[in-house]
Every structure is written in C-alpha cells, then in structure tokens.
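Letters A, B, C and D mark the chains as written, and numbering starts fresh at 1 in each.
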Amino acid sequence: MALLDKIREALEPLGAKVEEVRPGYISVSVDAGNMRKAAQLLFSLGFDHVVSVEGVDWIKDKEIEVAYHAASYEPELHGVIVKLSTRIPRDKPELDTLIEVWPSALYPERETWEMLGIVFRGHPELKRLLLPPDYQGPPPLRKDYRVVEEGFIVDLTRKQ
Amino acid sequence: MAEDVYKPGNLLVSLKRHAAAIATGLRYLLSTKRMTVRYPEFVIDLGEGYRGMIRWHRDRCISCSLCAQICPAAAMKMYKLPGEKKMYPGINYQRCIFCGFCVDVCPVFALEHTPVHDISYEELDEMIYVPTKFDTEWVSPAAKEGARPVKVVFDEEVGLRHEPQ
Amino acid sequence: MAPQPLDKVVEFILSPHIFAPLIYPGLLAAMLVLLTLIWAERKMTAKVQLRYGPLYVLKPLGGIIQLIADAIKFMFQEPILPRKADKWVFVLAPVTMMAFTIIPFAFIPAAPGFVGVDLEYSLPLVLSLSALVPPLILATSWAANNKFTLLGGVREAFMMVAYETSLFIAAFAIATYYGTLSLSKIVEAQTVPGIVLNPIAAAIFFVAMLMTASKLPYDIVEGEQEIVAGPFTEYSGILYMLVMGASYMELYVLSLVFVELFLGGWKPVIPALASIHPAFQGIALFIKAYLVLLFAVFLRSVYARYRLDQALEIGWKKLFPLSLISVVWSLILLVITGGA
Amino acid sequence: MTSPGSSELRGNPYFWYRLMGRDEEGYDVYELFIGPQHPASGHMRIIVRLDGDIIVDAEPDIGYVHRTMEKLAEGREYLKNIPLFERATIIDAANITWGYVRAVEQLLGLEAPPRAEYLRTLLAEINRIASHLYGFGIAGIMLNHSTMFMWAFGDREVWVQLAEDLTGARLTHSYIIPGGVRRNLPQDFKEKALKAIRYMEKRLQDYERIFVKNPVIIARYVDVGVIKAEEAKRLGIVGPNLRAAGVRYDARIAEEYGAYPELDFEIPTREEGDAMARLLVRIEEIKQSMSMIKQILDKIPDGPIFHEKYYRMLPPKLKEFVEQTGRLKLPGAFIRLKPEPGEAVARVEMGHGEVFYHIVSDGGIKPYRVRIVTPAFRNVVLYRYLTRGARFMDLPAIYGSIDYFPPEGDR
C-alpha cells in the first residue's frame, strides 16, 4: 500500500486532512486537540523524529499555524517529510507539547514558544533560548512585529 | 583497515604509536615547508575573477538602479546628488559583503570587480563611497608600499605554493 | 697594575659560592634559558605547524628577543588585584614560588667541584625545594578566589601527589646504584650514563618532570580549554610573568638534575674537550640540559592533553609501580656489578 | 576507561528534568559558566554543574550570535536571502544555501540544467571537506593539540582556494542561485583539484600518525560521549554524529538531489557512537568527498549553467560576455522572483548534517515565512545528553567531537 494511503487510513478517522503537496511532501492537518493522537499514529508509521517545529502567523485569519515536520531514519521512508499542522487562535496560542512522542521536538518547541509565543503545555523548559533573557517585546516572528527595510535611494540634495 | 586499530592498545602498540607521533613531529620540525604568506612583505596576486573591491565606471553607467535594487546588504544605494540630473550608485563598504550580485546584474559593465581586497580605513565615514568618490581606481596599499606579489600554485607536496613573480 | 679591591671583587664573583647561584647555573643562566627556551618552544611548534613563529623582533636572528619584548610588555601592564582576592597571598605566592625555583641552583654542581654549597645530600634537597612549588600554586589558586582557579588548584593538588612520589623514587633508584645522594658524587661516579644503566628510572623521571612543569601532555593544571588558565586565571602583568616563568624554571632545575643523574652530567661526549679548559665541562652540562629542555617543550606540538583521571592513573598505576621496579633493578645491578 | 555515571540515567533522554531539582535534594553542585567568551566555547555558553569531577548537567546557553535570519528573510526578495543564509554557516556556504535554492526552485517550478547540478555538487563537496577540516581543527585545539588545529586550518586553505578559483570568493560564494550557478568551471580546475586531492591523501596519513592514532587522543576519545543508534534516533541527531552511532542516514541518499544519484559513493557509518567514531566518520567522509570530486570532474556534462527561462532575457552583448568568461550575468527580472502561492520543503546534507528549509509563499516577491533548521541546532541537545555523567575534562573532548558551530545553531 502506498504510503499516502497508509497515512490517510490511519489519520482520517481523526478528521485529518491529508494531501500530497509535492512528491515526498505530505501535509496532514488536524484539530489542535488531536495533535498528540495524530503524532502517535505518525510515529507508529515510522516517522521517528521531528525535523522542525514552527509556527506560521496567518495574521489575516487571526490564526497561527503550528507545524511539525516529521521524517524518518528508516531507509524505506527516506525522502518523505510529513507536515503535521494545526491552526490555533492567535490570541490564545496554546497547544499540548509533543515531546513525549518526539523527544527531538524539545529544542524546536522551545524556540517556537520564544519566537511566536505559542505555549506548549507540559513542556518542561519554556525559557529564552536565542533571544536575550530580558527580551520584552512581542514574539518576533509574528507578523505584527515589523522589520523596516531600507529603500535604495539616498537623496543628498535635501540635506541641510 | 582493521576495526580495532583505534582502540587503546597494549604497551608495545602504544609505544609504537607514541614513537610514530613524535617521529612525525620531528619530520615536520626538520622540513622546510611553510604555509604562511608573510602579508605585508608578500601579497597574493588574486588575478582575474576574484570578487574584490568594486570599481564603478561613471561613463558607462545608465542609472538603471538594478545594482541598488539587487544589493542584499543595502550597501549599494542610488544617490541623488546636488547639481546632478541622474542618480548614480554609491557604495557603503561598512555593509558590502562582496556577493557580486550588483556586478552580475549590471547590463552595461559599469561595475566590475577588482582583485584588490586589502583596503583598511581609519574612520567609518571613509567607507561610504558616494558616486563622486566611487569612480576611482583601487590600489592595494600593500602593493603600493612595495609588497612582492606572489602567485598561488597548487602542489602535490605542500598543498599551496606561493611563488614570487 | 690593577688595584687590589677590584681583584677581590672579581675573585669574589668568580668564587663558586657566588658564581653558581647567581650566574651559572643559577639566576643569569636561568634567565637566559627562560628567554630563549620559550622562544625556541614557540619557534619549534611553529615549525611543526608550518608557520614562522615569532619573527619580527630582531628579524635577522629569527625574532630571538621576542621574549624580552613580551617581558617589557608584562612589566608595564597593570597587575590587577581582584577585589575579593586574599591580597597578600595573591602577591607573595608567585614571588615565593620563583624564589623556591632559584634556590636549588646553590646546590646543583655545575662543574667538578664548582658548586655554591657542596652538600652530601644535595639531591634530596634540590628535589624537596622544587617540591615546595606546588603548594604555592595551591595558595595562589585559593587566594584568587575564583571558580576556575579553585578547580585548577584542586587539579594541582591531585597531580602533585601523583608525580612527586615517583619522581623521588626514580631519583633515589639511580642514587642507590651510585651509593650516594650528592649530585657531584653521582656525576663523578658515572662512567656509563645512568640512562643506560636504569632506563626505567630515566623514563619515569622525565615523565614526572613534564608533570611537574605542566607541560603537554600533562598541562592539566592550566587546562585552558576548560578552566581558562587554572590557578593563574586572575594573574596579570608582572605577577603573571612570575607564575609562568616559575614552571619553566622548575623544568630547568629538574632537567639539570636529570642530566646529572642520567646523562653523565658535565662530562662532555668528547672527553678531549674537557682537557682543553675546565669551562667546557660546565658548557657540556648546559648543552645537555638545554637539549633535554628542547625535547620536553617540543612535545607540545605532538601531544594533546590527558584527562586528569588518566594522568592520575598514569602516575599511580604505571609510574609508581615502575619506579619501585627501577629501585629493584638498581639493587640487582648493584649486586651484579658490585657498584659504581 | 569509560566515564562513570549511572547507565540508567544515560539511557533515558529525559533524565535531566529529574535532575533539575538536584540542589534542593541536598546535592552539592558546583556551577561553572563556560563562555560565552572562552577559549573553548566560541560564542556560546555552557552552564556546567559539577558534582566533584562528574558533570551533573551541562546546559547549552545558545543565542549569542542569533541574527534573526528567519525574520529578516520575510522582508527580502527571494534572491537576496541567499547571501543572508550563507552567513549561518560561513564555512559551508554552498550546502546551506543549496537547501534554500532547492526549495525556491520547487516553488518556481524550475530545474537547473545538468551541468549546473554537477557544479553545485562539486562546490558542495569542496565545502564539505573544508567544513570537516574546520571541525577537525577545533576538535584538536579543544584537547590542546595545537598542531592538529594549525594543520587542519592550513590544509583547509587548499580547499578554500579551490572554491575561490571556482566562485571568486573564499567563503561566501553565493554560487548556487535559483536556476543554476553563477560561474562555469575554470579551464585548469581539474588539474588543480587532482593535485589538491593527492596532497590531502598524503596529509591524512600524517593526521593519522600525529592525531588520530596518538595514544593521548585515543585515551581522550575512545568510549567518551557515547550515544547509541536508538537514542540518536529519538533525539533527532543528524550528520556524522548520527552516522557514527550506526544509523545510515544521509540527506544525499534520502533526497537524491544534485548529481548525487549519478555518483558512486558510500555513506560511512560506525557502530561505537563515541567521540572517536565521530572523528573517524568525518575522515572517511573527506575521503569519499575527494572520490566524488574526481568523479564529477570526469563525468561533468557540457551544456548551459543557467536555466533557459532567465538566460533568454539577457541581451546578446551580455550573453557573449557569459560565453567568453564563464561568468554569469543576471537579468534584471531576476531580482523579483515571484513564485506561486504554496509551500515547499528541501533538505540538503551539509558537512555538519542535514539542513532543512520550509518556505511558505503567498505569491508575493518576498517569502511569507522561511523556516531554517540547521544541523547544529538539531545537535545542540547532544550537549545535555552526552556530557551527563562524564568527567569535567571530557567536556571539551565531547564539544570538539560533535563539531558544533555556534552561528549555525543560532542563525
């Protein structure tokens, strides 16, 4: 059975939307409450580690998409990445941690907490990692934190 | 290669390894190879193709501003100078990362790389090249003060050889 | 017709009691060793590593006076006293350390009959004096009141007990064979170099010497990758120069002892040289000692650092039993050959 | 000579949580702050808690060179991000940007011509050797073996020089761009590369004598910092550190990108999982890379180095220049690449391990979100895992052996 079908069969009972974005890149989106179950199912299918935990701030939808990219060290699953994602409200970004399923999510989850302000319930170490310990501003990877890029024109005629 | 070679051996093996390490050290102690290029006395001739300081030719420039738009470090900017109709590019060497995108995107060869790379500055302001300052030849200060140019030659025995020219 | 008092002064200076501790093999020679040895160490390491090393201070001679430049720099640097340090100990310990490395020169014979104070027990005395340095390193580490110095001090304490025992036993093993504890008599009695008679003792003495002076592969006390500079972390300026110089001085003292115990002391390799002028004998000792020193510092470019527990294991489990074996070996030799 | 420490604790990747409260439980813990400015730890701090000589916990405190790359990338056009990401791992610039370019190419629906793929692979392998040599040198100086440090950095210069001949820059090549590469192979490159390979082969034997087989190194590295396959998989370790634990995984075989499917190479693995195994895997990889460079130079096909779609936009005069000099000119339209909305992921094997990119595009000229996961960031957990129960002096040995590169971890 093709891998995609296997994943469909396993995860669709949870109400997951499974699609193949590109060859070797499968996207699975579930409700926030089903994340852990979906993760466990993916783990049992052989996806034994998390490559990345990240958030995408869809500010227009007032939602944050939290995505776990899982992959496998097993030779038959080489070259496949599964994105397990969920959307949670922007103003109350909370989610259960998945480090029990994937210990490799430990540091990426910590980083996602720091950069997007997503609280992973049950994570033992939600403290600053990359930013200075006394950083006060909004989570920097949210879209309402703006970085101003300079223009490419300097007008020296207007000086003085 | 036997698997257990990289394990602690018995006294004899270990003495042999000690001897081999010391002998290798002594062999290098007595050899005449050197890797160092003694820079202020010798300067490597980088030759064609090296992405060094950027030379701008005012006469060729068509003020298309592509170079300023492509600059990933915001080093290259278009300057509007008093008394000039057109805008011309200037560069801020505090920021330039020598990626060479500006040179590659210039459609009229107004920008080109020079092999000069060893310019130093005393003040930060000197590193900003407005168009009036930008259109000059680059000269390596070491070369100007009589450093001997050396050429890098690949060599099987010493890796890189630096041959005086 | 030189005036009488000047003759007296020259005679006074040339008398072994003054000349030995102050000029050779003592203070002046030691300073020369210090200055050139560190340069040679850097130069040799650079050579192995395909670099140039110190070059630009007196370029025609390969930068040989680099260390003088460094010393001047240290002299004019501000010696910083940490606020929480025990100031008296912090300052006095390096000074005392240097003193204890210099005093042994009074007892080390430099040529036949040429020694500051000729003692029957010069060997144990010299070794004991140099064994006074490690406790002072402990003192510096405690006085500086810093986490890294403290760890360095603990390391020194562990190392000290591991090597001193083997060092003493190895030295006594060879002395047993000669039947004397006087360095001059040991040299006189050596017809065959000690290293041939008792290579085990020589090897142990050399390794323990490296441990004493914190040279690679045993520079554990300074372990800069973990503990910055060990006990010397807080030192700067002239005090830093003293603590760093002390380990080289110790190495010099021990290598003189090594040469006198195992390499025939001042006896030149070509005996004819000695008959030209007695001074050649002193020079022979110096050259031998210097070669030993060069080899000891050369090892820096070959080795990495052992771990503390591994060094202790080497000290207690390998050197110590071997040193006992070397004593037995000496006794057997003594019985077979009937003594020197 | 194994490091002491409870094996029960070692087996469980969560054990440090339980150890967090050790102070209150009555243990005496000596806390040391190693770094961020320290001879052994560049730009990062390791908070070490010691019980005697045994490490209770070594907490990596990273972020001292964090440059907000993911955020900056959101504000810049696709092309401009290449020199930015390069700076995460400046010693391995080709590999780290290749992942990004692959993801962008997927979004754009572009494919580089075969010759360009070969040239990318060539530079990637040169970079891999240089990166491993850098790691070697750091591993050497961590144990105070200054000769290894100088030799590795000196010999790295040979490969850096090769990369310079190919790209015009020593480290920040910005060579791989969407649709191809920026320069063609220089005339005498093959000859030079073969000389460099023969030289390196000789030097590796000397490395072996003075460093790898040196009894001091064997004492310091064998059975130190052991991680076995099962734990490595759970912790998501990548690169040579993973392969030294016996897991045969490499993005080059997993993703089959570039010219790798056409090359004959092996993925070296070892079973021991200790510091020595990690070192040996890297040496073996250097040898493999050199064999790959030889193959590439033999097999490289002729043809264009840049995608037709953009090459066509160049005026004839510029095309002529490109043909003559082998140095690519970029069309002005290239500044504002505009992919379709969607997302793409790409993985590339760097010297340190696998780098992962995830790009979300909203159809604009700038990426909506770029996620980079660098190998160093994935390996940072090793500090906690490997050092637990080790002796304090094992810390530099372990640090050196895992080849951690702080700017890469911090991004």
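Criterion: a residue touches a chain if its C-beta (ideal position, glycine included) is under 8 Å from a C-beta of that chain, and two chains touch if they have at least 3 such contacts.
Predicted, not measured: the structure shown is a model, and the values here were computed from it.
Under the touch definition stated at the top, chain A and chain D share these contacting partners: B.
By number of C-beta pairs in contact, B-D leads over the other of C-D and B-D. The distance from the centre of chain C to the centre of chain D, with each centre set as the mean of the Cα atoms, comes to 45 Å.
Between chain B and chain D, the centres computed from C-alpha atoms are 22 Å apart.
One finds 40 Å separating the Cα centroids of chain A and chain B.
Rounded to whole angstrom units, the spacing between the C-alpha centres of chain A and chain C is 62. Residue positions 1, 76, 147, 154, 210, 214, 219 of chain D are each in touch with at least two other chains. Taken residue by residue, chain B touches two or more other chains at 21, 24-25, 28, 35, 69, 71, whereas all remaining positions touch fewer.
For chain A, residues touching at least two other chains, in rising order: 149. Looking at which chains touch one another, you get A-B, A-D, B-C, B-D, C-D. On the side of chain C, the complex with chain D involves touching residues 45, 48-51, 147-148, 151, 216-217, 219-220, 223-226, 228, 300-310.
Of all the residues in chain D, the ones that touch chain A in their complex are 13-14, 17, 20, 62-63, 66, 68, 70-72, 74-76, 106, 233-236, 242, 247-249, 253-256, 342-345, 347, 354, 356, 358, 360, 368-369, 371, 373, 377-378, 380-381, 410-411.
Considering their complex, residues 1, 76, 79-84, 147, 154-155, 157-158, 161, 164-165, 167-169, 172, 174, 182-183, 186, 191-192, 195-196, 198-200, 202-203, 206, 209-210, 212-215, 218-219, 222, 276, 280, 315, 318, 321, 327-332, 334-335 of chain D touch chain B.
Within the complex, the chain C residues that touch chain B are 44, 47-52, 55, 298-299, 301-303.
Residue ranges of chain D in contact with chain C, taken from their complex: 1, 30, 32, 34, 38-40, 53, 140-148, 150-151, 154, 210-211, 214, 216-217, 219-220, 391-397.
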